[in-house]
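Just below sit the structures, each encoded as structure tokens.
The following pair of complexes shares a single chain, subunit A, combined with subunit B in the former and subunit C in the latter.
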Partner chain A sequence: MHLQGLNDLDYNSCLKCNACTVSCPVSNVTLDFGGPKHLGPELARLTEQQEPIDDKRIELCTLCGTCDAVCPEGVPVSSLTANVKALHAEENGTKFRDFVLSHAEYVGKIASAFAPATNLTMKIKPARKVMQWVMGMHADRQFPVYRFNNFKRRYTKKTAETKRKVAYFTGCYATYNQPDIGDAFVNVMKHNGIDVAVPKQKCCGVPMFANGRMKEGKKNAAYNVDSLLAYVRDGYDVVVTCSSCSLSFKKEYLHYLNSAEAEELAQHVYDANEYLRFLKEKDELNEDFGAIGQRAGYFSPCHMKGQGIGNPAMDMLELIPGYEIRDLAADCCGQCGTFGFKEEKYPYSMKMGESMKEAVNELDAEITVTECGMCKTQLDQLTEKKTMHPIEVLAKAYETV
Partner chain B sequence: MTARFETDVVIIGGGVTGAGVVRDLTLRGVRAILVEQQDVVHGTSSRNHGLLHSGGRYAVRDENAAIESYRENLILKETVPGSIEQTGGLFVKVPGDDDDYVRQWLKSCEKVGIPTEEVSVKQALKEEPYLNRDAEAVFRVPDGAVDPFTLTADVIADAADRGGGLLRYHEVTSISRQNGQVESVTVQDRFTGELKQIETSIVINAAGPWAAHVARMADVPMELINNKGTLTVLNQRINRQVINRLRMPGDADIFVPAHNVTIFGTTGVNVDRPDDTSLDRDEIREMIQEGAALVPEVENIRMIRAFSGSRPLYQEKADSDASGRGVTRGMALLDHEKRDGLGGFITISGGKLTTFRYMAEKTADLAAEKLGVQAGCTTDREPVPHRVTDRDFSKWDLSPAAQKKVQYWAGTNVERLEKSLHESVNASEVICECEQVTWAELEAAFPEDRPFHLGDLRRRTRLGMGTCQGTFCHQRAAALAVENGYATNQEAEAALVNALETRKKGMTPLGDEQTRRQTEMMDAIYCVSLGMQKEGESNV
Partner chain C sequence: MYNTAVIGQGLTGLFAAILSAEKGGKTAVISNGAGKWLQSSGLFDFTPGFAGDYDSWSKQFGPAGSDPKKAVDAFLQLTKEVGYPYAGSFEQTVSVVTGSGHLKQTQLYPPTMRPIPDKGNFLVVGFEEVIDFQPAQAAGNLQRECPGCNVSELKVSLGERSSRGMSQTDAARLLDRNGVRQAVIASLKAALKDRDAEAPDVVVFPALLGMKNWAEAVNDFEEAFGCAVTEAPGLPPNAGALRLYQLLKKRAVRLGVRFYENTAVNGAKIQGNRVGSLGIEQGVRRQNLQAEHFIAATGGILGSGLIDTLDGFEETALQLEVDANGTIIEVPENLYPVGAAAGIDKTRCGITGGIYSLVSGYDAVDQITAKRKGGDSRALTGA
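Up next, the complex of A and B:
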């Protein structure tokens, strides 16, 4: 019998080698963080069958997952740090601010209902100062814009009729902040003769896990597995444009839900460009791209790196005639989901973003391409370049004749 | 010139037994010196399971041992609280184990007064998720986990604080007798080779597996079976409480939690040499297979090392049951004046860690009688200072895990610890990550009497006892020791070579993939990065 529950978060293979801590974007800019080795496998071992240890420094962990990707022994480091976060939140209560930040969807719903007002408040300095006092969000931080005409309002199709069928998990960012990504994705699929359905869905849970709100995160995860699996069993492929959402289906859900259903779903989840690459391998991809003469830098989000599937976005963009795409090969952006919004994390966030900023300046391309809305927020803040989602570029190439 | 001392009692052997005796005598106001050939707890006292027996294990076969164990169990919980975790324990019957034995066991426990309580299997699994799901019956007993390192060290330290003498790294090389009476012992300093003579009225042989050897120095014949048991250390703590198999005592029966790990074992093989602590890969493998009946996952959970120690089992005649387990676990207190006509010579052997205090009491009673001392034993109520401290460490920049460690560990060292935190630059830095040992703790634990030795620090702080077995902390500790004037370069290097060798000795026999990778990393750091020579290489 396989004791899933016991060994799922096995830290025993940790050799203490420090690869995780050396690669950790946070540890690289500050000694205030205990580092992923200590707060992950080490603390797990020191508290197993003993009283728990609450370590405040866990707040600095962004759950970027770089530690998981570099561990030579395959220790699920970030799942272990997520547990420490959960404990910390339980012991200390979550701040109202963290509640707001971890409920992108809830905030999205409210904010996009009052979009013009919200955006105005977010931009006006005095209001921002109030937010810093009351909520502990940094006044200098740029916030993503909320759209009144969110993607849920724009696109309501619940089924697909074509041979290949896609169930699109939109994610909070494309739903509330940048519905253009959703539109672009539907168009790209249309050019490939594939119908897109948007199943009922809730926030993937990543922001909740990151703020230690495990119970709610798991609830959302269970909801999504239920909803999406029904589509999978109907012959749909699940495709996702947000790298954090797709990683959560592929990795976090397996740890947190620990169910056969989560395993089954994970087998059928694709990042959007990974899906296109898959179509190409099957000789099903429409490669009728119009030429775009543009130099672009690709910034790979941590949650994309963590999927271990290479750079599918670059693989796709290279197919566009005239398109020159270069890997910025930069470290973590430092925004890290909700991390960079918090007042006390803001200085770390800025420091962490330095290497990315330098890479962008050095390459000096016309635009930056990245899948992640939170990386985009940081790119917008730290660089002068326009940032686009790769799917938006591909949609443009299909439209260009 | 041989240095000379004079005392009333010399105790040979710095194990838990000798520790108990020197403290007991010191409390009675008797002048006593404890002599140990290596560091304290060099022998069986550091090579055991660390189970504070409730007596349950002996209830059926050895009523006296069971009664003594339970009584001492209660006394030690009160008198050496800093070294005991009151975990409680479970006796578990698994499929195939004899039902009759269970009935017999319950009856015996009741008879000797060991409290037992039946626990539903469901409840037991909730408490101990690694337990075999097919367990058939579970009973709760008042077992505990005892840290033999701190126990021995603290008992000796308390004796020393009250005026008792201690000579570490001094080997007793001869015992002189005059007119049927012991007269003096000669000891040799391990490091300088210097000989010292201690004149004394009484010599107590508490040399554990070496007891027969020491007896021979006094021309006294003695038969001792040294029964070697092997144990392994799991990388993680899998149990909250002690888990025993409910059957006639056999191999691989017990899982004892020890701080952050679980100690699992054991076996029994008779050996010739008292210092035979060899390990056998097949024996370990068989033990693990057997242990899987109680904890199936034991076959998959990473182990970090194995070790072995010998039970000194006294037999009056050479031909008694030689199987080891059949011989009594009770103590053997020999008055050689009566037995062999040598006045002033006493041997205390056999017994258990759990019963060390009682063994010491009886031994000290005998010594006191010979010396005409009236004072009685007080160790059953006079506590050894606790390890847990309520001193506030939150003002130092310690990680919560390291803070917890010192809070539970500082004991009487608290003054030295705070001094280090005050004065040393690196004090709050964690040197050994696996066991969360800070430089302050190391600084507070440096024995003052001897050259730098990483093993001495390990036994006092748990440095290098965790997952990586010193891969990182040994070199950090050695470097800081040199930097802070505790050791010369040469001493530090010698200490590293020695530490590496002893850590590997317990790792290599495991032969599993994970341990191999860990040792490979160890080699990479010490042999490649630090350029130390790999053992054996010079002979190639």
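Up next, the complex of A and C:
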């Protein structure tokens, strides 16, 4: 098991205080999960000098990273649980269902090619029943829609000519499900006089890591590092609209690839709003926003919280005249990427979503704003509010004069 | 960019951040972990483990020239607003029972924990699934500590299986559910029916009387027994501390405090007698974070804000020079070391907390607010 860098094995500072387990969104709704303390540092300590132990309960770890943020001793808990997930997948193989879910990109390519048919099928209850029976995807789960006119078809620019140049990592969701996010991002950059190039890219690998398919995830990671680093060395800034993709470049690639190249890339990757905030700090941001009279609630994805960059989406949206935005202060949404699609995980996913739903109802804003497409899936299913990506709101503000 | 940047989200840091945001300051919290919240009991002594009155405490530990009443009142008001109202005062000391059955003196206590009278019938209740609270041990110790009392004990099942060692907070979440509470009440009543003991005056539980629905849990058990119930906080994680942490965190986020989690402070830019910015790091990424004022709530030795080396103490966050007590020698004019970051002479056994933390955080924000009002800063110009 040498899947990760040596620094991840530093579990000895764990005092077994349970801060991780009492904060874990999965542990909070079920006693079926062994919890991050036991499946992370305790299991690592136990098996250091002996054969690894394959523990089925690891299937309930979503790799949200909440454990890392609360650990008072700096133990990289989620890197340890990721190891256990990888081992479990190696020992048991993955279900065909998990193979499909972890290949969001292939699914996106095929589903968007037949988009009208795919979307229609996914909305028909009998078809979803068949999906549950054959594939183990829960029939009550609403699926995101796929677009035939996906972002790859819409936008093919591979180079940028302006002084500041952006290499845009689109991610599977903005490519195949909601290409409007990609359009909005290109527009926002245009309003700032910045050309956007879309480098060759593969799925960031997060769905593969989450399903224990480390080898494939690392292959994608290596591909993306190669492709994006060439742009970085050419003076581009790498900007990402999906919070899970950006976190993977900043954090997971460092653990999984453990290479100087991954480190170099990590220094140049920005979340889209983080990049705009950076432009503002440099006095380069176009602040010519038209007024939008709207009360919005911001839902912070776990993978955004984990980046440790404050709240760039709210920093930007607060600049729009008339725009009132407050943080919902909600916990994990419970969709957790591919987790909430799975038949056997669906009940946990729904329970986890309850506190998010309460927060949305309590704040009672007009719309919800979030960066993550999977959080949006859960928000769309559990709440009545429309959900938008912050970059879509900003694009609208630029165009409202 | 920020009016105030707080380093650390333990009790002192989070309380200071909330006060700062309530005063209208744009506030950031930089943290590497949740601090020691989840290892604490949820009770507020003057300084953790200090069992004297206000005068003796203030001579030994009290921050000079400050009025604890304002800080304590602000805290009591805050806990009321977030829905977990603390009671008590710094003028009066009360006795509470701990998870080992010993009595301890404290000042402020949450609504799930009650002061213990010095006589009466006590019933200590434990649960088969919760192994880190043993009612026989707690009852034996409580009987010894309270000769005027009549202490009995009882153990029942929660009726739920767990695939991990069930902690008291796991059990507290189970007791959030009415069905589980009613089943437990029924087994308790059935077990008590066989005994011809007098009705209890106080029932003592481990710290598990509900998490979000603690009010319903306390109410249901009090109705069932017809007397007061209390939690006896013991080994971590304690539900009392967790409830307070989660509610205060939510409060801070709703107030717009920006959290930089998974983030270490590694050095600072000092310009003249001021801190210009902090070097903050997430993994291999390093950035500068600017603010007008900086509150160092780094937790001293226990929070790794100080490390004890062969050459003496080192301050790990801003990396300023410290004396033999770990106190920063030349404190920049816009830096406020609070809680255990003020030096080891302010702590007992390396820890601060309790009223000391409240006063220390309150004072820092008070000074910052006064300076901002006095036009000293470019306050409120941030985004």
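Throughout what follows, the second predicted complex is superposed on the first by the 392 of 401 C-alpha atoms of A that agree within 3 Å, B and C clash if a C-alpha of one lies under 4 Å from a C-alpha of the other, contacts with A are read in each partner's own complex, and residues count from 1 in each chain.
One rule holds for everything that comes next: a residue touches a chain if its C-beta (ideal position, glycine included) is under 8 Å from a C-beta of that chain, and two chains touch if they have at least 3 such contacts.
Here the structure is a predicted model, which is why all the values come from computation and not from measurement.
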{"item": "Partner chain(s) touched by A:C17 [first = subunit B, second = subunit C, both, neither]", "value": "both"}
{"item": "Which superposed partner A:A329 touches (first subunit B, second subunit C, both, neither)", "value": "second"}
{"item": "Which superposed partner A:H38 touches (first subunit B, second subunit C, both, neither)", "value": "both"}
{"item": "Per-residue contact with subunit A, leading partner among subunit C and subunit B", "value": "C"}
{"item": "First (subunit B), second (subunit C), both or neither touched by A:Q49", "value": "first"}
{"item": "Subunit B versus subunit C as contact partner of A:K251, first or second or both or neither", "value": "second"}
{"item": "Touching both subunit B and subunit C, residues of subunit A", "value": "15, 17, 34, 38, 57, 73"}
{"item": "Complex contacts: residues of subunit B adjacent to subunit A", "value": "129-130, 133, 235-240, 257, 260, 297, 300-302, 399-401, 404, 433-434, 436, 466-468, 471-472, 514, 517-518, 521"}
{"item": "Subunit A-facing residues of subunit C, complex", "value": "1, 28, 32-39, 160-167, 169-170, 173, 236-237, 242, 249-251, 253-254, 256, 258-263, 280, 282-285, 303, 383"}
{"item": "Residue ranges of subunit A in contact with subunit B within the complex", "value": "1, 3, 5-7, 11-17, 34, 37-38, 42-43, 45-46, 48-50, 53-57, 73"}
{"item": "Residues of subunit A defined as touching subunit C within the complex", "value": "15, 17-19, 21-23, 27-28, 31-35, 38, 57, 65, 68-74, 250-251, 254, 263, 266-267, 280-281, 305-311, 314-315, 318-319, 326-327, 329"}
